[in-house]
Amino acid sequence: MKETLLSLEHLSIDYKIKGGYLSAVHDVSMDLYPGEIFAVVGESGCGKSTVAHSIMRLLSGGNAKIEGKILFEGWDLRNYTEKEMEAVRGREIGMIFQNPLDSLNPVYTVGNQVSEAIMLDRVEKQEAMKRAIALFQDVKMPDAGERANSFPHELSGGMRQRVMIAMMLSRDPRLLIADEPTTALDVTIEAQILEIIKELKQTHNTAILMITHNFGLVAEAADKIAVMYAGEVVESGDVFEIFERPMHPYTKLLMQALPRKTKKEGRLQTIDGSVPRILDKKPGCRFANRCPYATETCRTQTPAVAQISETHRCRCFLAPDEIPSDRKGA
Amino acid sequence: MKGYLIKRVLQGILLIVAVSILVFSLLYMMPGNPVDMIVDRKVSLEKKAEIAHEMGYDQPLPQQYFRWVKGIVVEHDFGNSTRYKVPVADLLRDRIPRSLVLCGWSLLIEMVIALPIGLLCAIKKNSFFDRFTVVFTLILTAMPAFWLGALLILTFGVGLKVLPISGFKGPEYLILPVFALVSASIAGTIRLTKAEVLEVLNEKYVTTATAKGLPKRTVMFKHVLRNALIIVTVQVFMSIPWLISGAVVIEKIFDIPGMGGLLLNSIIVQDFPVVQAVLLIVAALTVVCNLASDIVIGILDPRIRISMGGGDK
Amino acid sequence: MNERGKAKETLQACLKNGEFMVGLLILASVFLVAIFSEQIAHYGYTEQLVGPKFQPPSAEFWFGTDELGRDVFSRVVAGTRITLWVAFIGATLELVLGVTVGLICGYFGNWVDRVFSFLTDLTWCIPGTILALAVVTLLGKGLTNSVIAISLVSWASYARPVRAKTMSLKNMAFVETGTAFGETAFSLMFRYILPNVVPSLIVMVSMSLPATILSTTTLSFLGLGSQAPSPDWGLALSKGIEYIIRAPWLSIFPGVALVYTVLGFNLLGEGLRDILDPHMKAQ
Amino acid sequence: MAKMVELDQMEKHFRISKGMFDTSRQVVRAVDRVSFSIEEGEVVGLVGESGSGKTTLARVLLSLTKMTGGKAMIDGVDLSKATKKDLKKLHQEIAVVFQDPASNLNPRQTVESSIMRPMVIHGVPRSEARRKAKEVLDMVKMDQRYLDSYPHQLSGGQLQRIAIARALALSPKIMILDEPTSALDVSVQAQILNLLLDLQEKMHLTYLVITHDLNVIRYISDKIAVMYLGKLVEFGPTEEVTEHPKHPYTKGLMDAAPILDPRLRGRAKELMKGDPGSLINLGTGCRFYSRCKYATAECEKEDPKILNVGFGHQVSCVHPLQ
């Protein structure tokens, strides 16, 4: 079996707010191997972005309480000093963000911003610029040489995201975290960026942790997925398996809520109620208040993660066999 | 960049023209006849008419305006002071440099002190230093410049007797006025710098810079400071008119024969040619400062340089 | 949660905000002094020779006496009314002018905006105090005139942010929707846009009040505002400085009163900004 | 069936001046000679990337901006010649729901007064309006206790329901839905889409749905209109357009859109090169020319004509796909 590249072990993140703690992430565990695209999906506020930022130690504000382990190649990043983290960022783990315009400094040319990263490895300025241009070609930037002298606002959204990818690839990291990488982009550009990310995985054996709310993106590119709900991973496993045989009631309902048909084939599934804000960690399943199959047990005890197959895990009392697989939700 | 510059310069000229028209009409907005202000009450009507003719007051207003402007532009002639009976230009020649020296030093000292403090407060937000500065600036903004001046005179001039408190005879005479002027405006600059740095610190590109592995120092200096500097520069230029404004009061308290004091006295005795000249000069200076700040922003911020440049690049 | 719940929430936020509460207490004390100034003052503020001239602070004359033998304490107490009156009139004038112009510019855009923007630029061409001096020259000396002058000079500091806010609100979906079902321009401006500008207006007012007070005091200090024998603090300070060596208490006490009041407004403004600022709320 | 909306060569051109002293002006042809029609009770989906002019087109229909050429008939009213009275009628007949739930409602008004407002300005008595407000809130399946709420107390899905309720207040015939679910999560999106379809069927409404999400369009609409840089490139019944796209751009768009099934990820697809491009400085000829792999010299020269390819399917291309 391959060595895991990144593994999160029982990661919990609580934010200190007035009068207590807000549980943003709870008991999240996942394993990421080299050369695979691992998608963390979930609706807004489920904690997926918090997980991504905590890996890079980029959570803003000093009011987050973190527990658990973030193991990168076996070393716990949480024990690293700030200086050591600087050496990990960009070098070992790169990260791209949702809005590429906000993410680039408006007063420097994009070539400058990419070569700045390359120069951290003691590369001469001109050589760094040359490599930056080569990287722009790698991410299929039209007129790469000329574009290197452009400022971010002179580029289109798609080109800016290419710059971000080139910047984060510049030091050849083992892991790339992509936080909603295509959300602000048009469909055709989204497809182009997705192609680049897939190619990256193929040619550089880079692992990609993709944070997204877009199930289309997951279906198109991911190898494995973890579905998050209210701070917890409710189900994770191979993408084909999860799409075809979802186990957790939340995943099941979501899959039927996706607009995959025409209106003539009937209405979409909906999930009533809304996501709870977890302020105090009482025992009980976090999805219980919206779950059509919930029992008294679900409301009073916290379900553990059940291993369904080698890769497939599910956090539900009813899994794997108690939910009739073809029954439509109430 | 060129197009942007030309546009700015033309806008500036337009503003100065508008100000000059307003300043010119100041004389005519006052009740009574301009001649009455120059001459004694006892002077006969015929004599007044003669003076009016001599001064060109019987000509149509636009003509008078153009004559006035021509005088200023071509001969630097702002007319004669009705009080001192000498050309306004002569009065200004000695006084402007004094005001400039006062304001210049104040600006320099203010920036040297305010920028690092503002930066430090932003980086170490909620630290003891930051909290102390917040309270300190709050109290400082509540103090009018003239009262600060009074306190300074009391402490250093009257109490300690170490510094001269009035007049303008050497460098040591500048210390207290500059101190007062800086104290009056420094709080705003500190707060603005802090707010600006805080805002930049929250920008996503700062996260990006950290995410690509740049050391904290590089992130601070190359990405945060550089961007915060853009607004701070504007502030520096914008504060010049403020300083001049504050100088009016400071010059009165410390008895400095500068432009501010001259303006004040001229307003009180209704010496209009002087008032007009000072207003015009201050307006021109303000416009030039704004223009300079636009140019500097243009250089520092490529978004403006290019979007305003009409596609230079 | 309904409107009352929201008001309650805001109230709680106010109570928890230290700056706001301290500012409120300071201003409350100033208001009380203003209301009961006749009861508090020992003498009338114009009463001369109630004691010897230039008497230092003592048990009888708490703040000493001035060059005409008037009781400084009584004059400082009487001055609170003037200061609060200035704050009230100044804020109202600036607000009415600034908000109207800002709304109209932001809403209609185009040439209306250009003309008014040019006007605001024009007022910014000459720095505040100097322009106010010029306006006072035209209007004549006096407290009311100097407040008018200050307002004519500083309304632009309201107009600009109101204009910017209006422009961004105008493109918001709820305004567009309103237009689409037939709202008139007047109704869009006053029913849709203005209520959403109010929170930032409250902050702006409380932040600019201190500036208005200070500017008016400055004019009085320069001899163009209140005229003798008014107990105006600025006027008192200007006299005080003449006698600063002989009788420093003449400059100290009115100054402390002024700083105390302005500090109260400043703290209140800071607190309000923290409570009402939309940036903070979004987080 | 009656034609509810009929666009004939409709144009919306903006003029932008380059600078204060540069009198040469550029024309942005945001919507350029667009013709199509929507029948009563139909759901038409309008797709396109940023800069395609889809939102401008909607704004013209809502009379938020004036068109600059061509003709637009809405329920028998000629938009270019509409009188004040006509406009008042249109204000009642066309309703709109925008994308962002947070800005769709006036933050300073209660839900009730937001919903009542359109009725009040169209002369409905207050008591009647209050009753109707409760009724439409019922129709969007919201509890009446929300009447006194303020927008900041509600979730995105709830806000969008209330925006729909307000749109229904004047019993409109046409609803323009500008990205109604783009800002919502999947589970909420399903609720809103179902609600919209239920309402449409029950009240026989006509919808123009603007979105960039092809999965949503495929689910909800009867016909699809595809726009590219201000031009209508293809229009026809949903299945026709999605299964047999005739315009290379439509084909590219369909290929690029992610399909919500990992088993289909290996399907043959052609990715389009380049960016959607800009509306400024457009030459003559087909606007898709620079990105089209089938382009010939002919395409660069002439503006393609509209071809009818049967089944009410029209395409604007010199070399339509087979």
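Going by the order they are written in, the chains are A, B, C and D; count residues from 1 in each one.
Basically, contacts are C-beta pairs under 8 Å (C-beta built on N, C-alpha and C of every residue); 3 or more make two chains touch, one makes a residue touch a chain.
Predicted, not measured: the structure shown is a model, and the values here were computed from it.
Chain pairs C-D and B-C differ in how many C-beta pairs they share in contact, with the greater number at B-C. Taking the CA centroid of subunit D as reference, the farthest chain centroid is that of B. The distance from the centre of subunit C to the centre of subunit D, with each centre set as the mean of the Cα atoms, comes to 49 Å.
Here the CA centre of subunit B is 22 Å from the CA centre of subunit C.
Taking each chain's centre as the mean of its C-alpha atoms, subunit A lies 51 Å from subunit C.
The residues of subunit B lying in touch with subunit A in their complex are 202-205, 207-216, 222-223, 226-227, 230, 300-303, 306-307, 313. Across the interface of their complex, subunit B is touched by residues 118, 121-122, 124-130, 133-134, 136-138, 210, 214, 217-218, 221-224, 234, 237-238, 240-241, 244-245, 248, 251-252, 255, 258-260, 262-263, 266-267, 270 of subunit C. Across the interface of their complex, subunit C is touched by residues 14-16, 18-19, 22, 26, 29-30, 138-139, 141-147, 149-151, 153-154, 158, 241-242, 244-246, 248-249, 252-253, 263-264, 267-268, 270, 275, 278-279, 282-283, 286-287 of subunit B.
By the touch criterion stated above, subunit D contacts subunit A in their complex at residues 49-50, 155, 157, 185-187, 189-191, 193-194, 197, 212-216, 218-220, 238-239, 252-253, 255-265, 269, 271-272, 274-276.
Remark: subunit A residues 43-44, 142, 156-159, 186-192, 194-195, 213-222, 239-240, 243-244, 253-254, 257-263, 267-271, 274 touch subunit D in the complex.
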